[in-house]
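In the two complexes that follow, subunit A is the common piece, with subunit B as its partner first and subunit C second.
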Partner chain A sequence: MRVARPRTISEALSALDDNPGSQLLAGGTDFCVEVNYGHRRPEGVVCLRRVAELRDFEVGEGKVRIGAGTTYTEMVKRLSGVLPALAAAARTVGSPQIRNAGTLGGNVATASPAGDTLPLLAALDAEVVLVSSKARRVVPLNELITGVKTTTIGPGEMVAEVVVPRISGPQHFLKVGTRNAMVISIASAAVVVDLQAQVVRCGLGSVGPVPIRASRAEEMISEAIDWDDLSAPRAALERFGDLAAEAARPITDHRSTADYRKRAVAVIAARAMRRSLTRVT
Partner chain B sequence: MLREAVSSEAGAGAGAFEPVDPYSIILNGTERVVEGSWIGESLLYVLRERMGLPGSKNACEQGECGSCSVMLDGEVVCACCVLAVDAADSEVTTVEGLNASGLVDDIQSCFVEAGAVQCGFCTPGLVVAVHDLLGRRPDAGSLEVREALSGNLCRCTGYGRILEAVRLVQEKREDG
Partner chain C sequence: MVSPSVMRRRGSHLGASVLRPDGGPKAKGEFAFSSDMWMDGMLWGRTLRSPYPAALIKGIDVSPALAIPGVRAVISAQDVPGRKTFGLERADQPVFASDVVRYHGEPVAAVAADHPDTARRAAAAIRVDYEPLEPLVVAEAAINAPAIHPDGNVFRHIVIRTGDPTAVGDVVVEGTYEVGMQDQAFMGPESGLAVPSLDGGVDLYVATQWLHADRDQIAESLAMDPRMVRVSLAGVGGAFGGREDVSLQIHACLLALRSGRPVKMVYGRDESFFGHVHRHPAKMWYRHHANRDGELVNVEARIVLDGGAYLSSSNAVISNAVCFAAGPYRLANAKVEGWAARTNNPPCGAMRGFGAVQVCYGHEAQMDKLAAELGMDPVQFRLKNVLRRNDKMITGQVIKGTAPVEEVIRAAVSHPLPVPLDSSAEMMSLPGGAGMTADISDVRRGVGVAVGFKNLAYSEGYDDFTTARIRLDLSPQGEPVATVVIATAEVGQGFVTLASQIVRDLLGVDQVVLAPAGTEDIGSAGSSSASRQTWMSGGAIEHVCMMLRDSLLERAAGELDCPSSDLIMRDGEVSRESTAQRVSMTSLLAAGPLQAEHEFHHAKTQPLGVDGQGDAMLSLMFAAHRAVVDVDPDLGLVRVVQVTTGQDVGKALNPVQVTGQIEGGIAQGIGLAVMEEIVLDEGRVRNPSFTDYLIPTALDVPEVAATLIEEPEPGAPFGAKGVGEPPTISSGPAVAAAIRAATGLDVTRVPVRPQDLALRR
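Right after this comes the complex of A and B.
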């Protein structure tokens, strides 16, 4: 049993190569709970907390690149201007203690249906940059996450960064749970309004095995919006919620029934949409 | 600063695999060595069972209750969600080390004064969380205080007196 505490991405990758069975550790908020409860028994660990490169973020002309090691606290602090819905999602995660440790890369790699960054990343058609000592590949989020907590991240690979387009316009994230804080989503929704392209993007979480795009809702509302003053008719907003619920494929589990999830996702998708408009006609 | 020094000393082999231990943690300002440990031990386990510091409480071991809150390199985290080997060469401050003199600090005494301690199990974690909050945001308003303490569960008090204790600390600190 061995431990590596690299300071650069290349050190981390060569450590992974040296000890192929070893596991990556970022903030530990998923990892350690699994170890504490006996669901994970690491033989070797590569700790990523000291890799400063993984915490970089860059706002370019057309794209925003966010390092996998960016914590929720940092997302709230640094991204509320350029990606307000990601900052909003980050703000709803766990508690200050969890937000100080938990990272974007850990949320993506865990690929939980309830991962709170995922609906927005899905809405933005995010690309995930995977690196190994041999190659670097860019995988769209919807190809990376293939099922409940399953991804196509291969052995020896790690998430280096997540890349999303820079879009100007309002965006909102909402989630439903049993409390306002420290709660795993029962349903969540992210809405992004692209003022330039005059389209709406909407991603849903916790209502299917993977994050879901509400494509028909997006198409309908993009047509219904009056783009001159960013308003939409009330009936279209209601229809938006209904179409979002139709796209959802929820299950019943210990947190909620499938019926409640469908209802909740309709309400929050429509609400996030309404908050993104200047007025309802 | 300390971590920088450690890294440059580590030299060429930095980042390569090393045996699980010995490793050291700068614990409440003093370097402490961990030996004979298992790779999967949480920082909470190491603090309580190896370092003789039972102030950080163990209730849920899943990050939900905050009773194990400690400062890791200046940020409040749940010690049960930190792999102890990943705290190597880092600075950890537990409730026992918040006041360098070892005496009860103003946050602790305000908790007592406000009647915010009943069974007391949640108190150490809350004291650490309040220490973190008021260090960053001395004037935090009541909503901000609630949000900052949302990761610390208390089954006894109903929180009213805890919020009162925080207000009392703020008042006393303002009066100097």
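Right after this comes the complex of A and C.
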């Protein structure tokens, strides 16, 4: 098996071009599990751990750019001020060992319905920067992820970074699992309040094949909020939860039932909203 | 049986929290587990398993596997030279399925190859022509359904009747309860190394609970003299009952003999879920009667255990379930009926608590229901009805040993409660944990209490003896050394620590060596299960120590020219009080080494006779638990905050090890209450991984406080009872009770799933 250990993005891309059967390996926390279970048999690997460029991140005026190689531990440490919901989502991931290894790029590329960074990225209309030796393209997350663990990332392409708007206002991420830590989400919700634009954004996870935006819930609550003191009536919160649940398209599987997932999404969306407000009237 | 002429050493080693020798290496990753074994030239074995829970096998073609370079052996049912089946109680389980498969994951063939990946590919290349059948997956339905095995679908049906089973109380409560399938989830997956020996036999190094039972089953299937099969213990990474049955033992030996090469087999985590038996799922119906004043009048119960496809130890598990079905309470009248049935679900067998766990969920829920109906405090109600010494169990057995049921309950509830929920609580410590789903205002706290009991060692007349031999010798440096030869499986319970403690204490020898446990050089030690090894292997070692002491006293008597009754032994010296003469062990051993061996049997028990009556149990162990839980009712999420316990230990020979058993046992008990379940869909295992078979993490395990109740058990070596199982019996039922208290819901099924709480409000 060929193992490439590039130090730059361009070296990584040429390694991919030179060995078309090769696959990208970041933290390996999805990759190696699939290898162990015999679901993935790479002909070669291109290891991204040494590519320092992928760990860059930049908090600009209007945008935050996060390198694909940023680990969960780094997100928890470095992003809790500017993207608190992403830091919170990162904190829910796995165990310390997994958070030290697993990366944002790997989470996006795996595109699991239970990927914990994805509801927030969806709420923020994140853009994913894909690079290949031939081109660089910017794809909105909702176009990148097309179904359960499927994306439009092409051969020879890799995720370089994820770009999200810098928004001021409260944001929260809540994740439901049957254990108190190290658990795959059975429902999750991210809420971002944009104080400037006076709108609420809400993304849902594990309740559909791809991350879901609860648009009707967003519209309703954005109307219902008294933006002067950031308060909203209790009934509007409940309605927000119900509309979020209506947006969900969950399934029943061995982890949970569709009915429960809908209920859970209603509860956590409303709670995320409640936490974002100064007052419930 | 500690004779007065042996005095305890100063700073007695029994009763002290001596640290285990393997603790440090295990924590540092230096301990060699069975999966770490390696031998030059060894091959890797791999099992092919059925993807169907029920199917006919129309044909097996192994030629594609044999054609793969690096494949050295491929075997299936036709290659088993001896008995084609195995089993602990009766050999009803095929070594390899030949014409029919009866559960998802049943072995069909095995291969050995130069490389594990080659072995994996080879196994996948074997062509098996299956004709899938409709699986029989509901135990109650199986009882009267057409047989799926020549032995029929009912493993065992037992009825216990005592007093007037039609007696009616002033207050009657009824309930139906269900327990899901728990897995032992030991950390070290099944693994072993089989080495063909020059004499045509085979040496197997394996992680197991019972070396001699493995040996005998392997020998039967190999059609070999048992002496040609030498089974040695390799480093065990947990067991909990899941290593009592044969898993890869016969396969590995067959592959080694066929290929003429050492063969290593290690199950992956997913395969491990198919490789061992699980805890029996249970469906239980109960009707309890009590008088207005709170006295139990009658218990009626029907219990159906799903034994899965093969017998394993189902007969003993259902026996325990019915015998303990009423809980540790006095009852004049009872009728309890139990079945263990065969289905196309995965086989079930031994797991920590062994039948007592399942029924504890039933009887304790019923006790709370009755208390509520009577308007009594649930603890007071229990105390009014507890069994005491000389009381009769529903099997008619009079409890001759200690029965500190009242004491364990009082101890469990007398620990301080945790600080109340308040706004200072960290969000991560609330239900939902790291998912940060709850604020304080979303959470309700509940408290529940449960009591359970179980027997120690095997029951119903079974003679589960232990053999031990000790050799006393001088080291090259001239110091006395005791070498203990015993086939007891150290599965993490700390037997190795205890064995040295006993020898040090009784013989005053500082250097105690435990020979590697194996079948070659000594008789059976019985299984490391049923909380029995402290009593049985501890008892065997104690007895041998006494034999050696007698020999030493004889030698000393000769030397001092006095009757040995004038002598006492203390601190590794023999002395004569009257003359203050002393002889050291060193000089006594200068005349040559001493050796003694003994086969230790416990007091006989009886089979259950008519109406399930009989003195079937050797000794009983009791524990009570109080659980405090926080519940987020809207999401149905639970966090167990604290579990306190009183446990009847007889005598704590190594308190830190007892505490370890209590903490671990509680973690496993609450696991069953709130998360641990093998999810089945028409007989298929849906979650064979630690991704989806959830066990408690550090955030799920509560604070534990334990009080050890030490009332020495008459007849028990050192007065000690077993301690491994009781923590797992009533801890989960206490959690279920606490969830009921927090939510007002009746919680009739465990593990409690979020939807069971959240969608019922």
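Heads up, the rule we're going with is that the second predicted complex is superposed on the first by the 281 of 281 C-alpha atoms of A that agree within 3 Å, B and C clash if a C-alpha of one lies under 4 Å from a C-alpha of the other, contacts with A are read in each partner's own complex, and residues count from 1 in each chain.
To be clear about the criterion, a residue touches a chain if its C-beta (ideal position, glycine included) is under 8 Å from a C-beta of that chain, and two chains touch if they have at least 3 such contacts.
Keep in mind that what you see is a predicted model, and the values were worked out from it rather than measured.
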For A:Leu79 in the superposed arrangement: first (subunit B), second (subunit C), both or neither? neither
Should A:Ala214 be classified as contacting the first partner (subunit B), the second (subunit C), both, or neither? neither
Does the superposition put A:Asn36 against subunit B (first), subunit C (second), both, or neither? both
Looking at A:Leu118, would you say it contacts subunit B, subunit C, both, or neither? Reply first, second, both or neither. neither
Quick one: is A:Thr92 in contact with subunit B, with subunit C, with both, or with neither? Answer first, second, both or neither. second
First, second, both or neither for A:Thr8, with subunit B first and subunit C second: first
Check the residue A:Asn19 against both partner chains and state whether it touches subunit B (first), subunit C (second), both, or neither. first
Can A:Ala247 be said to touch subunit B (first), subunit C (second), both, or neither? neither
Counting only touches as set out at the top, which of subunit B and subunit C does A:Arg271 meet: first, second, both, neither? second
Could you tell me which stretches of subunit A are touched by subunit B in one complex and by subunit C in the other? 33, 36-37, 95, 180-182
Given the complex with subunit A, which residues does subunit C contribute to the contact? 120, 268, 270, 431-439, 442, 634-637, 639, 674-675, 679, 681, 686-687, 691-692, 694, 696-700, 753-755, 758-759
Could you pull out which subunit A residues touch subunit C in their complex? 33, 36-38, 88, 91-92, 95, 172-186, 188, 253-257, 259-260, 263-264, 267-268, 271, 274-275
Please give the residue numbers of subunit A that touch subunit B in the complex, ascending. 1-8, 11-12, 14-15, 18-19, 22, 25, 27-29, 31-33, 35-37, 40-45, 47, 49-50, 73, 94-98, 100-101, 180-182
Which of the residues in subunit B come into contact with subunit A in the complex? 7, 14-20, 23, 38-40, 42, 61-64, 66, 69, 75-78, 80-83, 85-86, 88-89, 129, 132-133, 147-148, 150-152
